[in-house]
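Handing you a structure now.
So that you can tell them apart, the chains are marked A, B and C in the order they are listed, and the count of residues begins at 1 in each.
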Amino acid sequence: MSVLSISDLAVTYAAKSGDVPAVRGVSFDIRKGEVLGLAGESGCGKSTIAGAILRLHSPSTKIDGTILLDGEDVLAMKPGRLRAVRWTGASIIFQGALHALNPVQRIGAQINEAITIHQMASDRGAQVRAGELLEQVGLPSRRIDDYPHELSGGQKQRVMIAMALACSPSLVIADEPTTALDVMVQAQVLRLLRSLERDLGLAMLFITHDLSVLVEVSDRLAIMYAGKIIEEGSAKTVFTSPVHPYTKALAAAFPSIGDVRFRRKPAGLGGDPPDPQKIPSGCPFHPRCPVAWDDCAHIVPELWAAGEDRRASCLLAEGAPATSGTGASTG
Amino acid sequence: MKTEELQEQPQPEPGPLPELRSPRQITWTRRRLALSRFWSRYRRSPMGVAGLVILLIFGATAILSIFADQSTLSKVAVTEADIAPCTFRELPCPPNANNILGTDADGRSVFWLVVHGARMSLLVGLVASVITMVIGSLVGIVAGFVGRFSDTVLMRMADFLLVIPWLALAIVLASIFGQNIWVVIGIIGFTSWPGAARLIRAQTLSVKEHLYVERSKALGAGSWYVISRHILPNVMPIILANAILVVAIAILSESALSFLGLGDPLRVTWGTIIEEAFSRGATSIGAWWWLLTPSFCIVTVVLGFTMVGYALDEIINPRIRER
Amino acid sequence: MGTQRYVLGKIFQAFLTLFFILTFNFFLFRVIPGDPVALLTKTSGVELSGEQQQQLRDDLGLLDPLPTQYVGYIADTFRGDLGVSTFVEPGEQVSTVFFRDLPKTLVLVGTSTIASVALGLVLGAYGGWRRGRALDLSAMSGSLILYSMPEFVLGILFLLLFTKYLHLFPSGGYKSVTGNATGLAYIADVLNHLFLPWITLTLAYVGEYYLVMRSSLLDVMGEEYISLARAKGLRDKLVLRHHAARNALLPTVTLIALSFGFVLGGAITVELVFSYPGIGKLSFDALRKHDFPVLQGTFLVFSLAVLVANLIADVLYGYLDPRVRSSA
């Protein structure tokens, strides 16, 4: 039974210059206890998905498709039900190190708020629970009376995590939780997330642009490009033997010290991600693809099977239709 | 070595330049393009356009008033024909076909009073604003750029002036230096600079943070070079936007000073018209045309400057549109 | 405790500024060209011989060396001796005159400030939150127009409308000249006279406060903690009250405090329009009659008022923003 089930999700922003299709048809499932990593460069639409799940976008943004949270259709919920489901069904961990915490409110009060709003405890009970949550993330409970500016970046991120767990949600969405942190602190926070996820059996959607982080934390991986998923499968498979050229480039861009795979030439991808209002024909990646050929500009790829428990939307995939062009050597 | 274009250009250049030009020509072409881009953005703000229209109308009035007949300001040159159909005993005369905005208690046409008043009121506003912005910019940039001791001293001075209620100070200064249009301008200019200085100092500090200033200094650029080439161009937009808003405040201040009788008795401004009307009992006899016409002018002109200032502010500090 | 240090620090700064104001006041009036005694004799029409003039100068302390005068001035001020009025209330102690007139201005300015701030902040928060809707558009236009109006123009408008044409309110003063009403009738009479100047001062500044609060709220609305609050499932109103407005209040309080000097200036002109016998009208009369002791006194009182207002605002800000309390 999936905690989160997304089918054909399409999110279009309304801007002065016209519609911006940030997400153009995304589907995935997350089961209980599973961590799905969602990776991609900035602007590929991954953070948009996070906002869409709890319907946090402005009313002018069009959302099509189906989002089922614990079996309920989020997009069909009435405002009252939506408010009740927020945080109890799914919660979000923002980049806390910046300004995701209200600077004039004590952190204990901010955690309390989540609990009392959903009437899960009295004020007294909520305070106690807030202290417990802080302990769970490795902070002393007496810090519930601190203000955000009295905490370091890593500590603020832990508070964000504690807050996200306050109502025992089925799904936790982590939106770039480690991006703004130092590498050492990143590692600590990742370890924390992993252990919490294991102990509490959470379903987690982990969004980031840093693939090396995802590999440590996810069970499954989905790579996004230009508003669509272009490769997905088990984390290990996708990372160690990527099929899609974009995934390959992404994997190579985050070398790990000591990992023999990166001893060879340094990688990097030229060009920029496409403007959502001007997506190239055929495969959206073909202008930047090092192994593209003529068919790539004409055929819009779908997620074809590409090995055991893995799909990729590239003509190089095993399950892709045969083409007349010359296939370049697969990496 | 060519100077770098320092301001961010959000959109790409529209097409290649037709031919090779000298660096100076390229810079000026860029500036003209930047200006036209600015204008197309400004045009989209209804508040900005409305404000600009108001200012143009009043500005034209003020300029044209230089060529208008000055005798309409004279109290003694009034004839029976001027005030018809009222007689000398029925003054001030309500609006009629002869004087569309009526007359004052001496028979002068309110319309012409207000037209001439436009010249003085706008002059005071503009000159006072220039004084305020010049002092404020000097203080703000020096305080922000040099920092430390001069910053503390200058800001303490500014804070001190901010504590003193300006009208009380103006009253005292006027009783010392007399009632002269230049004293009025000076008082307004010298009491308004702290606000501008604070703003410009903040902007200077944030510009200073930017790396290219550091780089310039590392390359050995002198302070003057850094200020004129890096700081000024990036602080100038705020200075200009603020200057517009300060004109509005200056006009309001001048009217208050004149209303208290501290204005120049030899010049006609909208404020002095209201002062004379009020002190000669226009409210009790109900001579609303005498009181409300200059009032309307003040309100409209200040509104014009404020709207233009707001529109400029929106372009310079665009706000993220949320919800 | 961070808070105590912060408050004490602000009070100390206020005293320092007060000292500078007194010094400034002292030297300001020494700069006045002309001999005050000669001016006195000229305007009062009393002929004094050269010897008598010197005696008068000695009495006024003008013959003492400057430092002595200065110390004397400071000491006198702290004792409450602000000198003797020359022309407005000849012979009366300036402090006595202030005792009579200051409360009236306090009532007027105090109540109108509270009203305009409260109204401006609440409307500004709602207007900014629902930007572009009916409330915001009408309030914004109204605020812009009110902001562009000098206070006395608004006063004259009301005077014409409500007194001259509608005969609803008296044209000025503090209470009716005739009759000796007491108790409730007296209060009603005072309120009747107070209403027009009060509504003038309130409306004159509510526009500015609306615009400032609205602008501040718009800045806050883009912050991530607002999205977080919504994601937690809070109703819109709660997000506004607990998160958006509380943060938008911070720069607004500072700006309101800075504008208090202008509020006092407005009070002077409004008191003049309605002949309301407060400190403002007093300073105007003193100006007309060149009564320098009174002018010096009113300058001090006004500066003190702004100082106190800023102090209150600073302390309030410290209460609202925990970041300034945790001192460097």
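Rule of thumb we're sticking to: contacts are C-beta pairs under 8 Å (C-beta built on N, C-alpha and C of every residue); 3 or more make two chains touch, one makes a residue touch a chain.
Predicted model, so just to flag it, every value in this text is computed and none were measured.
Two chain pairs, B-C and A-C, are compared here, and B-C has more C-beta pairs in contact (counted per touch definition above).
Ranking every chain by how far its Cα centroid lies from the centroid of chain B, the top place goes to A. Measuring from the averaged C-alpha position of chain A to that of chain B gives a distance of 52 Å.
Chain B and chain C have centres, each the mean of its CA atoms, that are 25 Å apart. Separating the CA-averaged centres of chain A and chain C is a span of 55 Å. Shared contact sites, meaning residues of chain C that touch two or more other chains, are absent. The set of chain B residues that touch two or more partner chains comprises 322-323.
Residue positions of chain A with contacts to 2 or more other chains are absent.
Every residue of chain A that touches chain C in the complex is listed here, in rising order: 51, 54, 56, 83-88, 91-92, 94-95, 98-105, 113-114, 117-118, 147, 149-150, 163.
Residues of chain B that touch chain C in their complex: 159-160, 162-169, 171-172, 174-176, 195, 248, 252, 255-256, 259-262, 274, 278, 283-284, 286, 288, 291-292, 295, 298-300, 302-303, 306-307, 319-320, 322-323.
Across the complex, chain A is touched by residues 223-225, 227-235, 238, 242-243, 246-247, 250, 320-323, 326 of chain C.
Note for the complex: chain C touches chain B at residues 17, 20-21, 24, 28-29, 31-33, 131, 144-145, 147-153, 156-157, 159-160, 163-165, 171, 218-219, 221-222, 226, 258, 260-262, 264-266, 268-269, 272-273, 283-284, 287-288, 290, 295, 298-299, 302-303, 305-307, 310.
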